[in-house]
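Next come two complexes, and both contain subunit A; in the first it sits with subunit B, in the second with subunit C.
Showing the complex of A and B:
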């Protein structure tokens, strides 16, 4: 078993979930309706909880405690895609990101239930149930707002155009792709991206939105290697503000 | 979370002259027998009006109350606290949802209530006009403000209006978890490092005066509320709730080695009552009327959220919106 390859895979998944979960939680108290405050908080709790479980796997592979790993690293040590660290913006951008990210996450978990690395197979069997609801929630809202008023359609279209290059950054290939595929740990980013594009196309078709030409898009890469936008470090500073008052304290 | 500092409308002596005396007598007899009044039952206008006002203030307090604690979700130290605080504040927003629904049964829409909140026409619990400066402040709120809310809400859950009572029962069940979470946080702070203990003590010093205000003005100076007590709209006096809170929580605070910034605070063993320095009710009035440290900020946040979300709500109302049946 190639431990480095597994770690790389689990780190990027865990970091995506922690950072997007954190962003989702920022909607608490600010949603366009109370029901959406509540929904985004539920998804935030699921995502942060899922990331915690993944950091526990990493801990078992020899890395530090989950709290230390999550709260003490700097931006250049994070492996999340840049997509998840972008600010929430308005509800249109948050919804589009939620749709694009969660469609990919659900497919990824479904693929990983077959993983030869048992801890990951077991975990994804459990969390794909949660991810299914996240994806369903996004699709319902996409279909509703994507064919409602001129304003809602235009807003979602703008957000979709802005988000898409970043969403492609989710599939940035790992240096270990060949190992992961050969050892049947994960079927690979490319296979995942093909499934995801089909899924995205099928939902967008049910709205009045127009999908940008896949070939015209330049993916925002680098996140998996610790290259981030200016938005990640302030998020991490805020997240660790209390923890760093005394990292050895029991809070 | 909600305190007993309800702002009831001052009632006119003539408030009941237009009501049918026979119906009024039957209504009062039902309440006397302990029956619940349901949305379609006959009720005096004054009862409806005061209940809307009370439930609405309670609902507003839940969403405004989510703000001071909400700012600590993104800073909560460690996974356990981060997850728990998210769930806790989410509960508060859920309480608002339940309570707006309960108030809607009396004929005022959620939209109208939220409008009245952001224009400053209706009130919310005064305590949320104070800032949560540190993590310890959020611990204080989760434990003691929620504890105060439970004292008040358990009393109100025995009131006469069915939908409100049922909402309160569910709310109290959740609040009791908040209380355990908050207590757990405060215990860790109070028994932690020197820095943590100092943070916790400073939070108690800051929050004690608003906590004493939380239950509302002393019965000797508050608006006459006999008829509201008779109709079981108001279930316990402000002073009774404050006494119950002090009795339950002062010993627990002292037990943790923390002090309370009131040198006159002590239990009189002869009367069984707590004695304390009378809170500054002029400050209470000043803050509730808009001049507190955070009133403007709290309402501005709510107003911004409403404005930014308007296009979403309009889109949902658009006739051509595809209604998607949820799959589960």
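Showing the complex of A and C:
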């Protein structure tokens, strides 16, 4: 087993979940409907929990305790895509990101259930059921608001245009792609992106939204290597504020 | 005592351990205790699997299981939480499903492990038994619950999510 390749894969998945989980939690108390407030809060809890399970896998591979890894790194040590660290914006942007990210996450987990790396296969067999709820929730709202009023369609279209280059950053290739594919750990970012584009196209087709031309988009890369926007460090500072008061405290 | 120790006996002791968020449902009936093993040195290993990856009740469940083992004089034990067996809602026993219903929670519909919108939307009201119900949101006050409304008895209710 190529441990470095596995770690790279698990870190970026865990960091995506932790950071987007935190962003989702920022909707708690502010959702446009009570049900949406609860949905984003619940998805936040799922995502942070899933990230914790992935940090546990990394801990078993020799890295620090999950809490330490989650709370004590600086922005340039995080491997999440820039997409997930962007501020929530209005509900339209959060919904578009929710749809684009969770479609990709669910497909990724489904692929990883076949992984030759058993801890990851077992975990993704579990969390794909949870991710299904997230993806389904996003699709329902996309279909409703993507064909509702002039305003809802225009808002989602603007958010989609803004989000798409960042969404493509989710598939930034790892330096270990060839190893991961050869060792049957993961079928690779390119294979995932192909499935994801088909999925996104099939949902957008059911709405009045227009997909940008895939070939015209320039993906926002760098997140997997620790290059982030100015939005990540303030998020980390807030997220880790209590933990850092006393990292040895027993909760 | 060691001669009489058996996995079945230990499982029966664990019947007193309930889901901290649904106190009528034992961990046995919830299906999260996946195996009990006694090795040749009488060390007891209890294997558990989370209902949801982010379930905050898991640590409480583990320490409740440990307390029961200690109360029965087990000195050497390990309670292991892993995803070696992945939990799904079909693993809730028939007795557990009845307990959920009497608690006011609709039990999760049985499914073939492909949960889709039609399965989630289908809930039977735990109060009046009507199937004339609407799903209000697939998310609820805990990770494992969704929220529904009964058009027959006009009550809101929650369902343990099929997953």
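Simple rule for what comes next: the second predicted complex is superposed on the first by the 250 of 251 C-alpha atoms of A that agree within 3 Å, B and C clash if a C-alpha of one lies under 4 Å from a C-alpha of the other, contacts with A are read in each partner's own complex, and residues count from 1 in each chain.
The criterion applied here is as follows: a contact is a pair of C-beta atoms (placed from the backbone, for glycine too) under 8 Å apart; a residue touches a chain by one contact, two chains touch by 3 or more.
In this text, all values refer to a predicted model and were calculated from it rather than measured experimentally.
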item	value
Partner chain in contact with A:97 - subunit B first, subunit C second, else both or neither	neither
Residues of subunit A touched, compared between subunit B and subunit C (which is higher)	B
Touched partner set for A:43, first subunit B, second subunit C, both or neither	second
First, second, both or neither for A:79, with subunit B first and subunit C second	neither
Which superposed partner A:136 touches (first subunit B, second subunit C, both, neither)	both
Partner chain(s) touched by A:12 [first = subunit B, second = subunit C, both, neither]	neither
Contacts of A:224 with subunit B and subunit C, given as first, second, both or neither	neither
Subunit B versus subunit C as contact partner of A:122, first or second or both or neither	second
Those residues of subunit A which subunit B touches in one complex and subunit C touches in the other	35, 38, 41-42, 45, 48-49, 52, 133, 136, 140
Contact set on subunit A toward subunit C in their complex	35, 38-39, 41-43, 45-50, 52-53, 119, 122-123, 125-127, 129-130, 132-133, 136-137, 140
Subunit B partner contacts - residues on subunit A that touch it in the complex	22, 25-26, 28-38, 41-42, 44-45, 48-49, 52, 66-67, 70-71, 90-91, 133, 136, 139-140, 143-145, 147-149, 151-152, 155, 235, 238-239, 241-243, 245-246, 249-251
Complex contact set, residues of subunit C against subunit A	49-50, 52-56, 82-84, 86-88, 115-117, 120, 136-141, 143, 147, 161, 163
Complex contact set, residues of subunit B against subunit A	63, 66-67, 70, 72-79, 81-83, 86-87, 89-90, 93-94, 96-97, 100, 135, 185, 188-189, 192-193, 195-196, 301, 304-305, 308-316, 318, 320-324, 326-328
